[in-house]
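Structures given as structure tokens follow.
Look at the two complexes coming up: chain A is in both, with chain B in one and chain C in the other.
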Partner chain A sequence: MVFTSFNFLIFFPIVIVLYYLIPSRIRWCFLLLTSIFFYANVLPLYVILLLFVSLITYLFGIIIEREKSDSKKEKFLIIGIILVFLPLFIFKYYDFLNEMIFNFMDYFSIRFPLPKLNLLLPVGISFYTFMAIGYLFDIYNEEIKAEKNIGLITLFLSFFPLVLSGPIERAPSMLPQFKSELTFNYEKAVQGFKFIIWGYFMKLVVADRIGIYTDVVLSNMEYHSGKTLLFTVLIYPLQLYADLGGYSLIAIGVAGVLGIKVRRNFNRPFFATTLSEFWRRWHMSLISWILDYVYTPLSFAFRRYKMKGVLLTVILTLFIMGMWHGATLTYLMWALFQGVVLSFEAITKNKKFAFEKKYNLSKKWWYIAFGISITYILFAFSFLTGGNRHTFSEGIMAFEKIINFSGSIFIDSPSNLIFIILGAFILLLKDFKEEFFSSRLLFFNNKLKIIRILSYSFIIILILLIGVFDAGQFIYFKF
Partner chain B sequence: MQDNSFILNFNIIKKIVLNISLVFIVVGIFDFLIGNTLRFFYFKESSGLHYRTTYAIDSTQADVLIFGASTANHHYVPQVFENSLNMTYYNTGRDGQGILYQLAVLKSILKRYKPSVIILDHTARFNNSEKDFERLSALLPYYKDHKEIRAIIEKKSSFEQIKLLSNIYPYNSNMLTIALGNLEFNKKRKPDIKGYVELNGIWEGALDSINNKGDINNDIIKIRALEEFIELSKNSGANLFIIKSPVFKISPNNIDSLLTTISLKHKIPFYNFKQDSIFLNNPFLFKDLVHLNKEGATVISNIICDSIKQHL
Partner chain C sequence: MEKSQIKDELDNIFKKIFNNETLEISENMSANDVDNWDSLSHMLLITEIEDHFSIKFKLRELNKMKNVGVLIDILSSKLN
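Let's turn to the complex of A and B:
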């Protein structure tokens, strides 16, 4: 069951009613059962994996806390992480690593092929694995006490709004909420509903609409013109933002209605003026997780190697970030591209700052607009280096076509194109308003109830009118 | 001490329920107004895809009816059929639609009259694809007035009846197409001749090949739908012919085995042109890998007419 399915629209109101009907002290139990049911709805067998990771997390949390010796603590942390990571490794990385090793050995004419598993990746495994690892780290760093109730650990990892695609939450913020009396909170609930409505708009009107077009182009890149590919490259980041951002917003909203606060995942990323700022606004829960549990410990471990240590830390961090997104070499290329640009920005940071100060540029609108545009273009074009949609060589081929600016633009369905422009315009306009004029032109937060109600209604009507509910509105790409 | 939390919660919940109800009322009013406006203009369209479906379901009285997906829509030239068979013609083919859509259209037509010849251009694929069901959304505008097709539309999802409480839902994503269908210039933009849409241009790519080893995971619903289509056509007294259109791809023959078996079982003439040598090596007859251009369509229309004449 995904948030955009009709089943969820029936499931969620039932959950709300039952949740607030039962006594608040046992609401966490209800949430746990609901979460297990929700996850089992994807594939019942996957629940076993989730329960296995929960059990390991619970046990190793207690073992790490009880251990007095630092070296043993560290050993238990490593064992715990390996065991928690094991299902993710088998399902996501085994085949990739197997192939890499085979190809490498094959180069020296050594052949010991291991069988390919070809397993279907359990939904959300990357998210709950990272949350479990974060929990073990937090206990190791004595940020929190180990949880003695395995039910709460299981709920933390399986909490249904977050289990499928985050945000990647932390135990110090979630466990106390689950332990507290989960009472109805009007402000949280109202805010939650607002997030849900806007999240649906982002996902169904913007992301899925753009997806109709990009799916056709990205799966047949060799047949498309430079202009079509340029247009696709430029709208693809919007699709990603609206997709994951919208889904995260629904998750945050759903949790909010249940009285649970969840961290933000996106903060108007397309108004960042540098790539480093962009990564502080994009998929924030993942980036902060990587900073706290990968980058910081690695910088500490490699601090004696000075500049080499910093470089090694950056490379390893980006490697992990690339691998988290997908077990392919193209994702590593993508992460490497980000790394090169981020390193360039870091090296030139002081000079850039001095230059901006000298000419008083930082407040000038055209300079901000220039920074925003360059950052967007860099991010958009970074997907030509890799990702999950094409190979590196296909990306290069697409780049050459774009440079040649050949052919005419592919428009199979003008109405789809108009809906893309309309949805993207509304999304960017809202982000623009919140970025630069946050206290003006309030719609969802207007003092007048009628404006608020009309605003929600307008978005719902727009979803009904131009949201993508199924594959009915396909584009027939005739090669 | 008395616990006031329940009373407090109750008042807050009352407030939130009231606000949600207000949103629902406003949405309901707009949904009714916009949905009915879209409905009015949908059925007033005079050209385009919607119009062709509406015409097929509600108006056609043609002797020869063509059913199928894009290959049906682009491969059967009306003049050839009308001249050769001396019968009237209409093409109900629609891009991307499968046997469930075709069955629904046939059911609606048979409620009104009995055609003489039914030609079903079938893809010979019965694979389990959710998308084929989702594409039945093309029939949603007809749900209200055509009881005979409701069961088919409801196969789209378990909640279709609930979704159809919305007046906008059947016209989701169609407002611009509806507007265009009401404009005169749309007739020139995408012209059709009795439902048939010709394709121009030739295929400049290489001969492709299909690696598929045959039909796996066949969807029983689609097989039953085809059998029902055959039964309904036979019971109506029409001459039914099943055609597999040519493709510019080398493909194993066993892919079509199920379609051959069903045709044999029901004693329906089945003409398989998929690997026909006239078409396979001739890119000048194709617009793309799976669609014939106007010239190719004329060639196959003549061949089909010559073949089915023997049965009439």
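Let's turn to the complex of A and C:
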């Protein structure tokens, strides 16, 4: 059941009513059952994997905490992580590694082919796996006490608003909420519904409208002109933002209506002035997870190598991130591209800072606009190095076409193009206003109720009029 | 080693790493309060502190360092 499905529109109101009808001390049990039902509704068999990961997480949490010696704690942490990671590894990386090893051995004329599994990736598996690993790390780091109630651990990992696509939450913020009295809070509920409306707008109006265009172009790049490819490259980041950003907002909103606060996932990413700042605003729950549980341990381990160690860590971290996005070589190229730019920014950081201070640039609007544009273009073009749609050589070919600026622009349907521009304009305008003029020109937070209602009605009408209701899938479900 | 002495010595290390002679550290100070204190300079800072005091941190201690006060506490427990 996805958030944009008709089923969800029936499911969610029923959940809200039942949830607030039953006594508050057993609401977490109801959430657990609802979450299992929600997940089973997608693929019944894979509930077993979710329960397996929950059991391992529960057991190893207790074992790590109970162990006295540091080295043993570390050993159990590693065993726990390996066990939790095992299903994800088998489902996502087995075929990829199998093929790589086969090709490598084949080069030396050694052939021991293992069977290809071709397994269907369980939805959301990397999200709950990451949450489970984070939990074990947090216990090892003594950030939290091991949870003694396996039901709460299972709820933490399977909580239905987050289970399919995140945000990737942390046990220290979620478990206390599930344990507390879950009472109805009017403000939280209203805020939740507001997030849901924006989320649907981003997903159905912006992402799926752009998707209609980019799908056509990206699946047949060789037939399209340089101008068309340039336009596609430039709007594709908006599609990704509206897709996952919209999904996350719906998830945060749904959790909010149930009285659970969930961390935000995007912070107006397209107003970052450097790529490193961009990555602190984009898919923040994933990035901060990677920062805490991958980057920090790695950079700590390599700290003796000073700058070289830092660069190695950045590239390794991005390599892991690329692998997460997709077990293909094109994603590794994408990660390498990001790594090179980020390393360059890291090396030149102090000089840039001094330069900006000397000429007093950091508050100048044209300097900020320049930084924002460069960052956006770098991010947009990084997808030409790879991504899920095309090979590296196709990307190079597309880049050549863009440089030649050939042909005329392809327009599938003028109305779709107008809707794309309208949707993207509203989304970016909202972000722009919040970034630079957060307390002025209020529509959605206006003091007057009538203006708030009119503003949201306008968005709802747009969703109903130009939303795409048959696109169905979220890009990030594949993870 | 006294906490006040640790703090004085840390003060010099901070000035050096963040390239800022006017920087004065305080117990409540955290990465948010200092320009350029990011994950990168953090690790350079940690290595510099390790070298200066001839100690080695554990990953868990690193994760607990939410502000300068905690850092001083950890250092003082390691040095005494």
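Following the convention adopted for this analysis, the second predicted complex is superposed on the first by the 468 of 479 C-alpha atoms of A that agree within 3 Å, B and C clash if a C-alpha of one lies under 4 Å from a C-alpha of the other, contacts with A are read in each partner's own complex, and residues count from 1 in each chain.
In this text, contacts are C-beta pairs under 8 Å (C-beta built on N, C-alpha and C of every residue); 3 or more make two chains touch, one makes a residue touch a chain.
Predicted, not measured: the structure shown is a model, and the values here were computed from it.
Peer 1: Clash or fit: chain B and chain C on chain A?
Peer 2: fit
Peer 1: What angle, in steps of 10 degrees, lies at chain A between chain B and chain C when each chain is taken as its C-alpha centre?
Peer 2: The three centres form an angle at chain A of 170 degrees.
Peer 1: If you stack the two complexes on chain A, which partner ends up touching A:251: first (chain B), second (chain C), both, or neither?
Peer 2: Neither partner.
Peer 1: Which partner does A:202 reach: the first (chain B), the second (chain C), both, or neither?
Peer 2: Neither partner.
Peer 1: With both complexes superposed on chain A, which partner does A:419 reach: first (chain B), second (chain C), both or neither?
Peer 2: A:419: touches chain B, not chain C.
Peer 1: Of the two partner chains, chain B (first) and chain C (second), which one does A:468 touch, if any: first, second, both, or neither?
Peer 2: first
Peer 1: Quick check on the superposed pair: does A:142 touch chain B, chain C, both, or neither? Answer first, second, both or neither.
Peer 2: It touches chain C, and chain B stays clear.
Peer 1: Between chain B (first) and chain C (second), which, if any, makes contact with A:349: first, second, both or neither?
Peer 2: A:349 contacts chain C only, not chain B.
Peer 1: Let me test your reading of the model: by the given contact rule, A:291 touches which partner, first (chain B), second (chain C), both or neither?
Peer 2: A:291 sits against chain C, while chain B stays out of touch.
Peer 1: Name the chain, either chain B or chain C, that contacts more residues of chain A.
Peer 2: Touched residues of chain A are more numerous for B.
Peer 1: Quick check on the superposed model: minimum Cα to Cα separation from chain B to chain C, whole Å please.
Peer 2: Shortest inter-chain C-alpha distance (chain B to chain C): 38 Å.
Peer 1: Please identify the positions on chain A that touch both chain B and chain C, taking each partner from its own complex.
Peer 2: No residue of chain A touches both chain B and chain C.
Peer 1: So in the complex, which bits of chain B are touching chain A?
Peer 2: 5, 9, 12-13, 15-16, 19-20, 22-23, 26-27, 30-31, 34, 70, 95-96, 130-131, 134-138, 156-157, 159, 162-163, 166, 168-169, 172-177, 180, 205, 287-289, 291
Peer 1: List the residues on chain A that touch chain C in their complex, please.
Peer 2: Answer in residue numbers: 70, 140-143, 291-292, 295-297, 299-300, 303-304, 306, 309-310, 346, 349-350, 353.
Peer 1: Could you pull out which chain A residues touch chain B in their complex?
Peer 2: So the residues of chain A touching chain B come out as 6-7, 10, 20, 183-184, 186, 189-190, 193, 414-416, 418-419, 449, 453-454, 456-457, 460-461, 464-474, 476, 478-479.
Peer 1: Report the residues of chain C in contact with chain A in the complex, numbered from low to high.
Peer 2: 19, 35-36, 39-40, 43-44, 46-47, 57-60, 62-64
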